[in-house]
Each structure stands twice: as structure tokens, then as C-alpha cells.
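Each of the next two complexes has subunit A plus one other chain: subunit B in the first, subunit C in the second.
Entry: the complex of A and B
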């Protein structure tokens, strides 16, 4: 009755995926179809109604505006795939950003960046240990963490913001100009992170384990997957992603501001849900989240350009979230029948 | 079993650490209170907005300092996020229960607090608002605040005199149901001599009063209207964000930005040419005026003058215009609030 070797587990799980309808890749493809259609639809509508929307400059701007919440949302996706949630990711990012900003003011920016990464790893690790080792609910653990960290960031900085002038720390706001349009390194980094995490989730044993834990924790444990270890690894991986998000934030707005990004946690969940990842875990992926983050930015950008009150941006985003959850519910109930 | 015990230990030690830290934080003010003799057990309440904004922190500290200098005890509470009137209502209820003599309130919402303020006043507690007003304004005994409409008007007049011949304005607002935000917006338009919807306004967008939301809003407006040459901002962090957006497009020399606040970082931005002009507020003065009024009320029952007492506004710019009184950024740096 000892646990089966991991390789066999993977084979079984992969076979299950295939039984459900084609290879993993097709499954992924069908899941991003909805978000992709919504993105294209939004772009077409704004292109037809606003003369300034559809040009390379503005599209590049939309990608640039998406990178901070978009990167945070990649980490959030990993956690939501395990049926968890992280309400503290924005606060972890902001604390890391102000630690980097304060240390870089009169220190070495590279060391500051390393310190910021360490902050993310320690806090993400703490979340992970409390959630995996002590089986505390992720919602409560990260809610508490959110409250603590928002206060810590303000105490640490005395509510002041730190201007960033280091080249290293702001490099993600620069980038090559292709055909007259500048694409920032931040956008490239976001794409690379999405690709790496997408590969890890779909092509490695680790990824298979993440989906299995999120889909059915008890069943995953029975097949020999070390659930607690997988959960901890997910929170630590997400923490690394949050460190990248902090770097993105410093590049995009060259100021480390303890009162910035106060709704980034919810914005990241919005991007994940609109991107088609199920809040119940086990289904979805980072490519969908990438598209989800773009959709949210396209709405804000397009509606502002169309001269429509900003409050309607919130209405439109909220409606999309409900639609996405309804679609998820529909898919789930069909699968269980 | 083992795990749950560890959790309990963790929780207990966390609580203990929290209590210790809390006690340590209170230590300073307790010392100050006991060192002043004579004031027998006067407690006043200070209800502030979210302290993530240094303006509210400055206002709270100044009020507290003035109160403890009189030997009073202080009960403090603050909203968790902008617009969080629910926390403030609970705080005032607690202060009524604790028999405070006066409450200095920075209301998160002009109408949501009217009922609880009436409850307090019915018990004989003097309630004064600072920074913002209630609707109607006489719902409180007195108000000590910046006349935000006047502040907006100052930068509107300056902008009118300094703007290019063919102004294209971006309005970077905060939720206009917020009293100060609405006042500044309307004051700016009045000072500039236009109304909402005027053709000179290229576009407007709501921000959350922070750097990064100011930047995104400005980027979106610039995408649609690259000819924007005058930027109205609700506060200096938004102005800093707007500047980054302009700079990223190489437009920072083509546009003039005006703002309101007078924080030291904002005045520095005036000096550096990032902000053309800003209207400085005096948060410490608001708190000190309120404590002085409370003192008169507690000593002999004299109530302060009802309505708005203006704590003053000064236009800060290094490019003065004729017929409009202003001070330089040098003067501003000596009289600003917040960290330098």
C-alpha cells in the first residue's frame, strides 16, 4: 500500500486527460478560446468606435499597462489552480517594491533587488507553510497577511514614496523600437514568464501534480502525490513571480509607493477568472490569464479614449467576471453529468 | 494534534507580540499625558481618513500633538480605505460610549456620518470636521478646512494666464462625490472660465489619487488626444504619475500641470518644473484650530463659529502671473507638510 512511483502517476493522469478529450494541448486550446474571443471582440468594438484605439502605439501601451497586474496574476493563477487564493499578492509586491526602493536610495540596486526577492520568498513561503503544513484556509491566511503587510509597508516607509533612478531598477520600462513602436522589456519579461510557467504546467510532472491537487486533493494524495510539498512549491513559485511583478512596478512607475496598487490583488483575481481559470481549482492556465489581463486593460484604455465615464469600466469588468464564472459553472456541471 | 497545538502556540505568541508592540507604541503618548498636570480626565476623539495618505497622517499628528499639549487623552480611529465611512461611524459610536468631550472628524463621506454626528452632539459632545465638510455643513458644530473650491480656482486662474493660446485640457479627477475632489474640480473650471463639457477639455478620467493610477489615466488620454497641453490633477501624486506618462511620450515640455496639496514632495516637483503650480493646504493648522475651539468649549462652553473656517490656501509657483498672489517653491519648501 505504499505510494506508487511518480512516473506512473503522471502516466495515469496524462491518460485521464487524454480520455477527457484529446491531448493536453487541445484542452488548453479550447480553454483559451472564450477569453480570446472576448479580447478580439473588445478590440474590434473599440477599433470601430474610436479612431485612436487601433494603432501600434496604443496596442503597445496596452501591453505595457498590463504588465504589473498581469505578472501578479501569473502567480495568482498557480495558486488558484490548486483551489487556493492569494489576497496578499499585491501587498507582498508593494512591500518588496518599497524595500527595493528604500535600499536602492543609498545602496546597491542589485542587492536591493535581491533583498526584495528575499522578502517575497519569505512571505510567500510563510503563506505556503501555513496553508500546506497547517492546513489553514488560504483565504484567511492571505487576508491576514494582506492586512499585516499593508501596514508594514507604511510603517517601514513612514507612508512616504521613494523615487527610483537606478537604471537596473527601471530597465523594464525601456526596450527596443520596432517599426517606430517601442516594446518594453517588461512586456517581453511578461511573455517569457507566461511561456515558462505555461510549459511547466502543461509539460512537466510538477504541472500535472498541480492540476491533480487542485482537481481533487484526496484523489491526488491516494495516487501518491505529496500534496503538501506541491502546495508549498506553488506558493514559493508564485512568490518568485511576485518579485518579478515588483520589478515590473518599479519600471513602469519609477516610484516605490507604499499606497500604490491597493486593489492589485483583486485585479489579479479578475484577470485569472476572466482568463478562464476555475476558482474551484484544477482547470485553466497562464495563457488564459495573460489574455484576461489584456482584456481588463483594453476595457480601461478603450473606454477612456471613447470618453466614457471611468465607472463604466468597473461595470464592464464586473459583468465579464460574472460571465466567466457562469461559463465555468456550466462547463463543470456538464463534466460531472 | 501536533500541528494544531503548534498553530495555537503561533497564534498566542503572535497575539502577545501584537499587544507588546501596541503597548510600546502607546508608551510615548502616555508619558506626554501624565507629564502635564491640571487637566482632569478630558478625552477627545480624532477620527481620520486612511493613513496611507500622508496628508491625513500629518493632520492626525498635529491634532494629537495639540491635544496632548493641553494634557488631554486622545482616542484615535481611522478609515481603512478612501470612502470607508462605516469604520468611522463605529469609531464615533465608541467615542460617545467613552464620554469624549469633543470629536475632530475628517469625514469619509459628506452624508453617511450625519446621523452619528447628530447622536454625538445630542449628548453634548462638540463635533468639528477638518479637511472636509458634512452636508449640510451645519450638521457639525464647525468646520476647519481648505476651501477646496478656492484652491481649485487659484490653479485655474494661474492655468488660464499660463496656458497656450489653444488649450487642450486633461482632467485627472478623483471620485467627484468626494467633497474636496468635487470642490477642486469645479473651482478649477471656474478659475479657468469654462464649464464641464467645454470644448477646451480634451478628456477626463478618474484616478484613485495615486501615482500609478494617475499615470495610466494620463497614458490613455494621451493616446486619444496627443495634443493635450494642460493637465489638471486632483493631487500631487497624480501629477507625478501624469508627468511620467508625458515623459514616456517625450511630451513633458509641451504640457503644463497644475495640482493641489502642497506636500513637500509636490513642492519639490514645482521646483523641478514637473508641476507648474500647486495650491498649498495647511493640514496642521486645521487640527490646531479644531483643538483651540475644543479648549474654549470645554473651559466655558463657548461654541466655535458655525460653518467653514478656511485654514488657508497659498498658490506655489516659480512662474508667477500678474494679478495673482503666489509664493515661490523656496517658500513652499519651508512651509510644506509631510517628509521633505
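Entry: the complex of A and C
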């Protein structure tokens, strides 16, 4: 705070705008710069070291392989931004998928899809109510939910899988072929969901409140933000996203398997963290998560193409998670001193 | 005498056998900085909570600009134009200055973008916060800066700017400099004076006597749940004020000012 003669506010603002530099500098300064650089680096390395990685079919496959966990991770991002965590998102998705699968075997697939969405909303809402109204820790609530729902999915199906043959339920694994490469509707849906949630987070008051609640809950409450309502809305929004993930999953492998996707919860957290969102809340976003989910798939795919044992894929992913958390820790401690 | 902006008469609050407020009076005049001081446990915070709607008194009355009010929640007090800066830094560090100034009061774009797509009016809010910061003489590199990149004094300045922007009748500051160093404390004290110059009366709760004597126009001394004296810093000394505050001296030994104690 130096003393200088007062200047016109517009002149000051204009100067600050000019200070910001072009779009390249804005991108470099933004939170997705790190994950984006990691993704580009990984793609370049695999493109140079393998002959099969950088062809259109393989890139399309990578996108398709990313959609289920990538979609789950979008919902996970919202929750982690509020300094929460959702260990039950995979289980909610699987239960919704088997409900849809069972109802669709001798019923209307559209109604089955609606029922699956209702399942997600009820369970996500239950998480949200326990966490917001009763102030229970998200980790414990969703851990309990994970345990209960994994069992419920098997009880409901007698541990059987249901084959999916409805066009509606598998449509997300199909898509237009452009220049010989098929891009699935599921990939488009993933991109649209990312864009919609990104808009809501960065361009609306709701989004600002989500960040504020995760960043400093007490300060948010003092400014009059209805913290509990924001939290509940986040868990419900995430639940809708999980319903889309269930639909994606039914297309990817056309069976509704009650024991599938057992590590999807942790995989979604991995994508969120690698995408640069802080587990302490208030920092990050869905575009980073989109990139984070792609990084995980690119690593797995690229190492396979290079003929490296799949166990090393897990090693690489684990190292990346720790690096991402370390970077976040460094950023927060440096800036808050 | 001018009409008080914020006035309380005979406020009482009991918690079981503990009397937190005992027939307590309070007066804040237009354009003044009123310091409220008192020992720990004297009941200052209960009084402030009653004035900001966080505590509902058992009996007594509060009026704002001569109109009697009954605060049932902090929101009621805020609607009456009373805004509070809290001791703990009430800002969100990962949000930028503009987002903090408008937190909970965001403005939307006009037209369909605002009503249907709920789009924030970011340029308008940036403009408004640049003006507010300029009015209070707070200098920062950019209002797009995240609050965590600011010093402790600048952060508290953002909290004060936020409150001063929305308060229409009274700004209350609860130990605003408790967490700050000497230089930063002076910056915030300068800011408090500028808030007064811009036309808002300030209630300053503080333990720091030099600070109080530096900026306050009058000092409300609180003891055993009530106002025992109301003094002007120019007509008394810190030693005397502390003596009255701790009960070592009776208030009658001081030069009293204005209204029944």
C-alpha cells in the first residue's frame, strides 16, 4: 500500500486489464497449466516411443476409456471443492446401473433410466443431508454408504449380472464416425457435462459459494451464505452426474454387474487430484479433472502400447497422485505463508 | 444533541445464574468512532452480539436511527444496515478481492444471461470493488488478486472494505487488529478513520488502549454486564480508564460525558 495520487477507477482497471497479457499468459497462470503440461508431455513421450500410440483410433479409444471414471470424477470434484470427499460414488453408480439393468430386462428402458436417476438422487441426497444437516464427516458417511450399497447391489441382483440390449441404454457407446474415427456420444456427453459444470462453477453465484464454503466455511457463513443449503445442492448435483456415469457404464460394457467398478471411487479421486483440485477444498475445477482423467488413461494406454507390465501403470499413477498433492501443498503453504 | 444511530436501553441477558448483561445502555452517535472496552468476562461480546442480532436479550430495547427494532437473527441486523468485521479474518483466501467483496451479494448480468443463465456480472463487480478500494485508499496490485497473496493487514483491509461497502448505518469491528503487527495495525486504524470520514459511524471493540486512544471519539467502558462510564479520550488518561475498567477506581472519579451511564 503505497501512497499515490488518486486516479480514475476506470483508468486503473484498464491498466490492470492490460497488465494481464494475452491468452497464453492467462493459461500459463491458471490452475490447469500443470495438469495440461503433464498430459501433453505424456502424449509426446508415448508418441515418440511407440508407433501405435498416436493414431486416431487409439486416441479415440483413450477418450472412450476415460468417460465412466471421468464422469464420476466431475461429481467428485464438486464435493472435494467443498472440502468433502465421496467414497460411495462408484457404489451409487453401480447400484443405479443394476437397478436400470434389472428393470429394463422386462420393462421400459426410459423408465428404468429414470428409476436409476432417482436412486442416485435419493442416495446422494441422503449423503448430503447427513453431511450438511447433521454435520457428520463426509469421509465416514460415504465410507458407510459404500459398504451398505455394495452389499445392497448384490442382494438386489442375487449377485447376478444383467445383460443390456436396449438401444437407449447403450447409445453412449456409439457415435458418429468422422474421418474413419468413431467418437462416442459418451465422450460428447462427458465434454458437455464438463462445460456445464465449469460454467456453473466459474460464472454463477452458486459456483462462487461452492468455492467459498470449501475455502473458509466460517467466513462464508458470516457473509450470509446458506452453507448447509450449498452443501446439499452439491451432493444432489453430484448425484445427477453419477446417474449419467451409470448410463455411460451400461454402454461401455453392456452388462449391469453388481461387482463391477469396485475401485471407481478411488480412481475418480485420483483423477480429481491429478487434475489439480485441492483435497482441502476451495481450489481447482472440473476442466482440471477432465484433464486428470485423461492423464490416467493415457498413462495406462501408453505403457501398454510400450509393452510395459501393467503393474508399472499403477506405480506411475500413484507417483503422479503424490506429486499432485505435493504441488498443492507447496502452493497453499507458499501463498498463505 | 443529535439522535443516536444505534441506541440500547436496559438490555438484560441471563444464562442461568450468570448475568451477562445487566440493565445495559449503549449509544452510538452519527459520524463517531466509539470504542467499547472491558475486561475479559465483562460482557462486551454479549452486548455486541445483542446489537448484531446474534443474541436475543431477555429485556430492554434497541433502536436504529430512532426506530425501535427487534433482531431475531444476524440477518435482521444486517437488513437494518449493521455490518460486522470479526476478529478472525473473515475472508476466503482462495477467492479474489472482488469475489470477497461481493460474497453472498453477487450481481448478475442484465437480461436473459442473468435471469436464465444466472451469469455473474464480473466486469460490473470488478468496477464496483475497484471503486470501493479506491474510496478507502486501499492500494493493491489488482482487484483480481487472490486474497491469500495479500499481507495480513491488506486482508483485514479487504474485510473492512467489504463491510463498509454494504453497511448503511453502522460498522462494528470486533478486535480487528488483534492478529496484526504494528505497521499493519496502523494501516487498519487509518482505514477505520476513513470509514468514519466517508460517513459511517464505527463501533470498535478493542483491548489495545493506545489504539483506542488513537482513533476513538468516545470510549464506552463496560464492566459487570453494563456500561459504567462513557468518556472522551482527550479528557482522561489511559491509566484512569484501565483503573475504572478493572474496578480499581470508581467511574465518578472520571470526567463523564453525555447521557446516563
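As a convention for this text, the second predicted complex is superposed on the first by the 308 of 337 C-alpha atoms of A that agree within 3 Å, B and C clash if a C-alpha of one lies under 4 Å from a C-alpha of the other, contacts with A are read in each partner's own complex, and residues count from 1 in each chain.
Heads up, the rule we're going with is that contacts are C-beta pairs under 8 Å (C-beta built on N, C-alpha and C of every residue); 3 or more make two chains touch, one makes a residue touch a chain.
Predicted, not measured: the structure shown is a model, and the values here were computed from it.
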In the superposed arrangement, does A:133 touch subunit B (first), subunit C (second), both or neither? first
Contacts for A:224 in the overlay, against subunit B (first) and subunit C (second): which applies, first, second, both or neither? second
Please indicate which partner A:108 is in contact with in the superposed arrangement: first for subunit B, second for subunit C, both, or neither. neither
Identify the partner contact of A:49: answer first if only subunit B is touched, second if only subunit C is, both if each is, neither if none is. neither
Return first, second, both or neither, reflecting whether A:203 touches subunit B, subunit C, both chains, or no partner chain. second
First (subunit B), second (subunit C), both or neither touched by A:61: first
Once the shared chain is lined up, is A:216 touching subunit B (first), subunit C (second), both, or neither of them? second
Complex contact set, residues of subunit A against subunit C: 1-4, 6-7, 9-10, 12-13, 16, 19-20, 199, 203-206, 208-209, 211-212, 215-216, 218-220, 222-225, 282-283, 335-336
Where on subunit B does subunit A make contact in their complex? 3-4, 6-7, 51-54, 57, 81, 203, 205-206, 208, 210-212, 215-217, 219-221, 223-225, 237, 240-241, 244, 248, 265, 338-339
Can you tell me which positions in subunit C touch subunit A when the two form their complex? 74-75, 78, 84, 86, 88-95, 99, 103-106, 108, 117-120, 126-127, 130-131, 134, 137-144, 146, 148-149, 153-154, 157, 162, 187
Would you tell me which residues of subunit A are touching subunit B in their complex? 50, 52-53, 57-58, 61, 65, 68, 133-136, 150, 154, 158-161, 173, 249, 252-255, 257-263, 300-301, 304-305, 307, 309-311
